[in-house]
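Listed next: structures, encoded as structure tokens.
In what follows, chain A forms one complex with chain B and a second complex with chain C.
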Partner chain A sequence: MSLKLKALKKSLWVYHVSGGSCNNCDIEILDLLTPRFDVERFGIILAASPRHADVLLCTGIVNKKCVERVKEVYQQTPKPCVVVAVGTCSCSGGIFRDGYQMAGPLDKIIPVDVYIPGCPPKPESIIAGIVKFLKELK
Partner chain B sequence: MSVIYIFSYFVLFFVVLSIIGLFASWIDRKLTARIQWRVGPPWYQNFADIIKLSGKEVLIPENANKFMFIFSPILAVISSTICGSIIFLVLKERFGFGGDLILLVYLLTIPSLSIILGGSSSGNVLASVGISRELKLLLSYELPFICGIIIPAIKSGSTTSLIEIIKHQQIYGSNIFSLSGIIGFIIILISSCGKIGVVPFDLAEAETEIAGGSLIEYSGILLGFYKLAKSILFVVVPLFIVILYLGGSAINSFSGFLIFVVKYLIVLILITLIRNTNPRLRIDQILRFFWGWLTLIGILGILLTLSGV
Partner chain C sequence: MVENRKVIVPIGPYHPLLEEPEYFQLYCDGEEVVDAEWIAGYNHRGIEKLSESKHYDQVTFLVERICGICSTSHPIAYCNSIEDLCGIEIPERAKYIRSIIGELERLHSHLLWVGLAGHFLGYNTVFMWAWKYREPILDMFEMITGNRNHYAMLRIGGVRRDIEDEDVPILKKTLSEIKDKVKMLTEAVLDDPVLSARLKGVGILTKDDIKNYGAVGPVARASGVDIDVRRDDPYAAYNLVEWKVITTENGDVFDKAVVRLLECFESIKIIEQCLDAIYGKKGEIWKEVREIIEGEGIGHHEAPRGEVFHYVRSDGNTTSPVRHKIRAPSYVNIPTFKASCIGETISDVCIILAGVDPCYCCTERIAVYDKDKNKKVYDFDQLIKKSIEKTEKIKKELGKEGKLWKHLL
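Showing the complex of A and B:
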């Protein structure tokens, strides 16, 4: 494994993308970044701009207004980057699967690396999903 | 001295300062974590950040001025490294000249100026908000910072040479052990928080309001250069305060070196404590604070120094 990949695994800067979610997953993501869960232990901190980010935490079904924005944020992120679909909506569409505003799910629009289902997923399960992915990453 | 010799000396200083600076930023982050009652990052965290950033793609915005966009992070690193090398030469080799205090005052503004240059060349609206704040911040903290520098310069027999200041303190005791010394130390400590750009005065790169501010368009190794410059400032500015107020050093013996490290850590921890116990201020509050109270107290300190208290 190269040094740069090792460093990437130890220092993931997270950017939070909301593709029209109901705010539940967003609240859980904010919970994840509080001192209680202390993800800075693993080097995970919240980045201010997608240019600084390594991980895009995407929530929500991607609705028709959000498609262009989500694509643009993905293009603005310097590669290599990891896309995480947080919540059932961005994984599969959830209860909004047949809605008229549905343009997703997320993996139709941008390539997704990690799926974390749950409505909303607990902060523990978000950590567990990312840690499992990091173990697989080579 | 040939050009290659000077260049290799510069590279050596760059490597040493980066390593010390990344450790200093780790101490800052770990202490912040402990104050917030959590575990905090491991010791190699900042090294991992920089190595990771060097492996990432560098994106240059379409409407950016490409030369300035790439040049200004490098300028930030170079200027802070030069500051560090001057201070290290003064401490270790007793090498300096008559006006190195004034030279350092000028050189320490260049990292802020390079952030302004980089932000303004990136062609982003939020970056321009950030640079306007950074410019006002630079104008506001310079005045009390210079007050805090004049006080030890007068106390050490009206000299602008760092070596003379250190020698004076070795004979007559540290500058901080007097009323005007305490005033000057507090002033320079607070304004150096603005110089490094830590929390009460970090509004130029406020993450919650303007999404990174002047650094918003930077990615990859260019962002890493800015982080590195900030880490080097975490070494340079506390060392500068140690020289001016806490009696410099005798780092040629082992015990002297230990005392010197303790002095440096005290200043670093004080800066971290200020950063952790204060919220971010608005720019008008900062301007009123620096040009009002702090400068008034600074002028009082200078008057006290002139009357020998």
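Showing the complex of A and C:
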């Protein structure tokens, strides 16, 4: 394993991108930081800028206005980075698939490493998804 | 005005503080905010149009996904509008269950706001506490409906699931525990010298401001405008239980917090009465609706943020609405920042914006297209590239399938 990957796995700094979601996945992500789930004990914290982030947590359908911004955020993130699609909307489009404003799903716009489906995924399943991915990396 | 616009401070669209994409431009003169603008559209998903292509029963799930926080307010308002259209009276048990879900949602939404307000002020203790006490409410939701958010509890003519008698004592026990905790949190927040210093006299909205902007919900009630759809035009079981509307006079952010925290206790009171009313009784929870007749219906619900309004028109032949119009409370609440932000310092603007509990995913019902920009997103080369990529992808997928098929032979 390269040094970069090894360093990446130590303490994940997360940047949260919302491309037109219903807010629910976003709140479940914030829920992860609060006392019941408390992912900070694993060294996972929310970063203030994509330039400091190891992980991009993306939610929502990514609508036409967001496309350019999401791409830019991805370009600003130092590589290697992990892109996680949280929720059915960013995995497949879900109920909004046929909408006129739909530009996604996310993997059409930026490369995605982890898919966590669910509407919204429970905080437990978000943790499980990240853990599964980290194990795969080894 | 233009010469006053010295410095532009952009907030968003992806800002670490905001969990939704939204874009504010503050025009500042030194520390003072001279003017502010709000640029919308990052959350627009075309729900009203989608609703015209869905079956009446499917629309309930679609409108639920307008917003994750008030995810039962929209279905209640939608079902109210269809029931208004067809003239349906829902069973009494269904009314009580609707009220229980609606009030549980208000409880979790208000605690969520208090937490976020603390987070916006950089006072993360409040954030952690409020969100910790919110978890048991989500557990109750999971118990009743099977999901933490997006409960899928409503259907036209009633509710989907019943609340079993065995669950009622557990729910009441959890509620009384939450009541103590919320009481403690309320006292702590309202007595806190730091919060008083930051919130009192900040972002004041007068009664006239509220009337000019047409603001609704806790924002209006904090300024002494006594409006609440639950009391003024009762639906569900709100006229069958005892409760009162909370109002305060000052209209600053502190009063908005007071209104929301005190409303939590009213919600608990309503839920307890509703649980008592359905305990030990049996009854229908759903009335079958055979057809949606031609006509138009309106429905509203007092969501945690204010009045949600739905309008549905049906032509009597098709199985989907001909027109579905939604007005979310934040649509009228957000523009009040024009009255409350100007003249304040940059550091206070954030909490003033958050003070109305804005919900952008609810609000963004309109999309404005900039033709030039749209061209930029999909210019000719990119379209060709996309088309080639898609063809390649389809070829690849077909190839795989072919192999699989051969392998099976």
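Assume the second predicted complex is superposed on the first by the 134 of 138 C-alpha atoms of A that agree within 3 Å, B and C clash if a C-alpha of one lies under 4 Å from a C-alpha of the other, contacts with A are read in each partner's own complex, and residues count from 1 in each chain.
Assume contacts are C-beta pairs under 8 Å (C-beta built on N, C-alpha and C of every residue); 3 or more make two chains touch, one makes a residue touch a chain.
Every value quoted in this text rests on a predicted model; they were computed, and no experiment measured them.
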Kindly classify A:Arg69 by the partners it touches after superposition: chain B alone (first), chain C alone (second), both, or neither? second
Does the superposition put A:Lys135 against chain B (first), chain C (second), both, or neither? neither
First (chain B), second (chain C), both or neither: which does A:Ile27 touch? second
After the superposition on A, what does A:Arg51 contact: first (chain B), second (chain C), both or neither? first
Between chain C and chain B, which one touches more residues of chain A when both complexes sit on the common chain A? C
Chain A positions touched by chain B in one structure and by chain C in the second: 35-36, 46-49
Which of the residues in chain A come into contact with chain C in the complex? 15-31, 34-36, 46-50, 60-61, 63-69, 73, 94-96, 98-102, 119-120, 122
Residues of chain B touching chain A in the complex: 29, 33, 36-42, 44-45, 47-49, 51-52, 54-59, 205, 207-208, 211-212, 215-220, 223
Any idea which chain C residues touch chain A in the complex? 13-14, 16, 19-21, 41-47, 49-50, 53, 61-62, 65-69, 71, 112, 115, 127-128, 131-132, 135, 148-150, 359, 361, 367, 374, 377
Can you name the residues of chain A that touch chain B in the complex? 3-8, 10-11, 35-36, 38, 40-41, 43, 46-49, 51-52, 54, 76, 78-80
